[in-house]
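First chain A sits with chain B, and in the next complex the same chain sits with chain C.
Right after this comes the complex of A and B.
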């Protein structure tokens, strides 16, 4: 292997991923805000003590986990349905596929605004239609108990195509003979889905889940543009809180601590997910 | 067969409806925007579009900015990723799987969380408000997935081709230029498309790196149009901006949809 071909790429990757992560750990043990004149002054872990007692941080952690869990689960189910549908022999399949991938290709920040307009009260189409038929406005994005559902819906719309893309490729690797043989043996289509399709899709499902959980956990654009974290902080994500601390409160030390803590939570979530999946497999196969 | 068509119809409506609503809004007069389901009076207008194109800076400036960032980050990524993927494909299985794990882990990383440190770098090296500089973090963020996709394309190539070329006396540059790059062109095209779409759509880093209004990229500019007032978002103009900003992406996806499916999935999943 010629290391010189690899070196430029590795350097840039290290600068964009490696350095920031090390830097965050370092900053998280320093105070750097307007009070310190944006100088980095060691504060020996007081950021870390502060985060443990910060109710807003824990509320955002729970909100981020809820958003991730609910939207990724719904996305997976919808994506399986879309992928199965797109794998059929259809007329105009190319165009149909392109249209169904479109939500994934459009800018999140832009379509988040589109969704904000759809949920707008009273001028958005949802509330207009409700009013037209004599119902009260839902006003989803101004109602702290409903607003997160609005963000989940927008996220499901935006990213289900991404998962279905990966699953579709998985479906294409399954040879048709398998199904034919299964049907000949007297199996039904439904059984074929659970005995052939789902087990063979498993690696694809796991990869897309891994991708989506990590992305959803870092959700920023969508929430920032749709609700700005509101109402009453009910949709604020960890990335949004870190952004707020850095860019609005100019408290870089604390922002970096939130980010490092988010890494740790994300790694824990992935580990727990991994252990649960491998355990349930062992139980199912025994 | 009938039932299948109904499902397809539901899928198409679900995928298009939010965008179509923008399209309708973008051609609506202010009164029509406030009462979208009453079709009395003057409903349709081109004002929203003309307002965008005569604004200062005019809207096409953002399209150009995003195109510059998109093309340069795609170019940088490919120039770095192709040799890297090639040399990895020549290395032994152990090295390869080690790097695959590293790249997969970095590709999975929620990059939004990097914004603060990247902003520090931008300040330190004075890279703010520079579209070409913005392409650097975009390339860095795209490299892991790009290398993974290209690596699997190189691994799929038959070994004999290269040996034949060596017997012909080609050196490595010739080999890459005349044999390998044409052979991995489909995978390269779909990788390029994915990087381009990412760079075109990226929001948090563009938001923190660029503040000069004539250098904004499209998503930031559109979010800024909408954020000009919290209480009365100019939805007509905003919707028109969405439509104009989406047209290039719609065209790209329509043209390359076949390549996206095969290219994206081949590498990402095997990795």
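Right after this comes the complex of A and C.
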């Protein structure tokens, strides 16, 4: 009987999420490109075999993992600092909070264009400043070894506020009494951060990490606008590679395989995260 | 062991939350700080704990001035209203944390914790998290955490207010045995006058940051020094009679009796309370409450009276008791 209450949500999820992923899974076991006349011809897993030997795919996987790992780690550290700051009783705290969340509110394409201009050589402010003080231009986005750092910086700028918002909510659930009790026990503020704030913030950190890892692993728009995956593919992400296969090479079968692969990786990551969260929630629920 | 507050004050947002408060808690004594919410009682406790800085006056614990000493170095054991147990730590880790921070050896930590757990009779809860405890159990852990420090003074901030009435009654003797019967002075903040009377040796009554009266529960009840003290202590509330010549008389409901002649009254309503009954009367001295034994029969035409000696008389100018 109660299952009826689930039906609306279940239907929606099935139509918007379940069916497409099943279809992608199905396509990944078919050849479907210009060569097949866009017909779906079963190829019995050769897409998956192709992945194993595809250097570009593995390069993109590593680049995507690097992008995700580095930017989410930096974001987390910055977000904790921002959240701690915004949790203080400052004058004009409301205004500061509003301003600090602005980057997150900007459309990705717009802010990505902005960052592309910031890194522009020789007219962007970074290279201008470097030149002004007599240094050579960096030209980050045209330098294959540095370009990914440019995309990470832009991503950190945009999404740190999102994490700090979640962490700020978490900080506000920690009663001040706990800090006072801790100080009475002889603890310092620094110890309080590591012994009270961080452990109590753990579920919030995990939730925001889950969101951010999933988002960063599928990064597409930011990179597409900033670098288009270049130079020399040095910023290409898995999502970008899947997009290229479908839209430029018109190889839908292989594109679907890449998408299903990233889906499986993400599901595993989320599962681990979810189990960790439910453990820490069990501890903290009162 | 003593606590001395000398003219302490706390100024917040243009107001003295605590003003010129002087009092002493003696060795082995429990002093309840009683008052309505916002009277400054919790602030007083926080000043003694060092969680707030005084804006005037001095605080002495054991004749050592601690006015500017860090909270951790004041040798106090505090119990918070919320208990403030660390939610991510087990009961024994909650108790250990302070010992660990103070650099006690692992062996000593275990020894002390198991000793405290046994006198609190909560050994079986040692590995539980605070979220897995009942309200009464949490309170015990909070008390244990104060005890384990072997402090010079105990500060209890409404330690019972999160418990239901029955549990409070059960825990009172327990609290007496564990903390109040020790040599250390105890400062006990509460808004509940029954609790204050039941637990404390003396009560300091505060209103709007000022000390109204300090004395034994009996003293406060029998000889209230101000209109506020008379009105605050004693339930049902004392009856204030209309002002005459700058004097306000007050008479407690339990001191009024029915007589064959006296002040004529009309009975408005009656509350039956088991051991007692409370009547609301209308007379030409205004509305009056009268508390009677529940067996007392109520006459049809009611006349009431009381002994002159039971009257409390206050000046309407400064609210102080007038002594003839």
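Observations on the model:
Definition applied: the second predicted complex is superposed on the first by the 257 of 286 C-alpha atoms of A that agree within 3 Å, B and C clash if a C-alpha of one lies under 4 Å from a C-alpha of the other, contacts with A are read in each partner's own complex, and residues count from 1 in each chain.
Here is the rule we use: a contact is a pair of C-beta atoms (placed from the backbone, for glycine too) under 8 Å apart; a residue touches a chain by one contact, two chains touch by 3 or more.
Note that the structure is predicted; figures quoted are calculated from it, not measured.
Applying the stated clash criterion after superposition on chain A shows that chain B and chain C can sit side by side.
Greater residue coverage of chain A by touch, when chain B is weighed against chain C, goes to B. In the superposed model, A:178 makes contact with chain C only, not with chain B.
In the superposed model, A:133 lies in contact with neither chain B nor chain C. Applying the stated contact rule after C-alpha superposition, one finds that A:220 touches chain B and leaves chain C untouched. Look at A:262: by the touch rule set out above, it reaches chain B but stays clear of chain C.
Minimum Cα separation between chain B and chain C in the superposed model: 16 Å. In the three-chain superposition model, chain A touches chain B and chain C at no common residue. Those residues of chain A that touch chain C in the shared complex are 175, 177-178, 180-187, 191, 195-196, 199-200, 283-286.
Listed in rising order, the residues of chain A touching chain B in the complex are 1-3, 5-6, 8-10, 12-13, 15-17, 19-21, 23-24, 82, 85, 88, 90, 94-103, 105-111, 113-118, 120, 123, 125, 128-129, 132, 157, 161, 165-166, 168-170, 203-204, 207, 210-211, 214-215, 217-221, 224-225, 239, 242-243, 246-247, 252, 255-256, 259, 262-263, 266. Of all residues in chain C, those touching chain A in their complex are 49, 51, 71-73, 76, 78, 80, 82, 84, 86-88, 97-98, 101-102, 129-131, 145, 149.
Of all the residues in chain B, the ones that touch chain A in their complex are 4, 7-8, 11-12, 14-16, 18-19, 21-22, 25, 33-37, 80-81, 83-84, 86-88, 90-92, 95, 103, 106-121, 136-137, 139-141, 143-144, 147, 197, 200-201, 203-204, 208, 218-220, 222-223, 226, 233, 235, 238-239, 241-242, 245-246, 249-250, 252-254, 257-258, 260-262, 264-266, 268-269.
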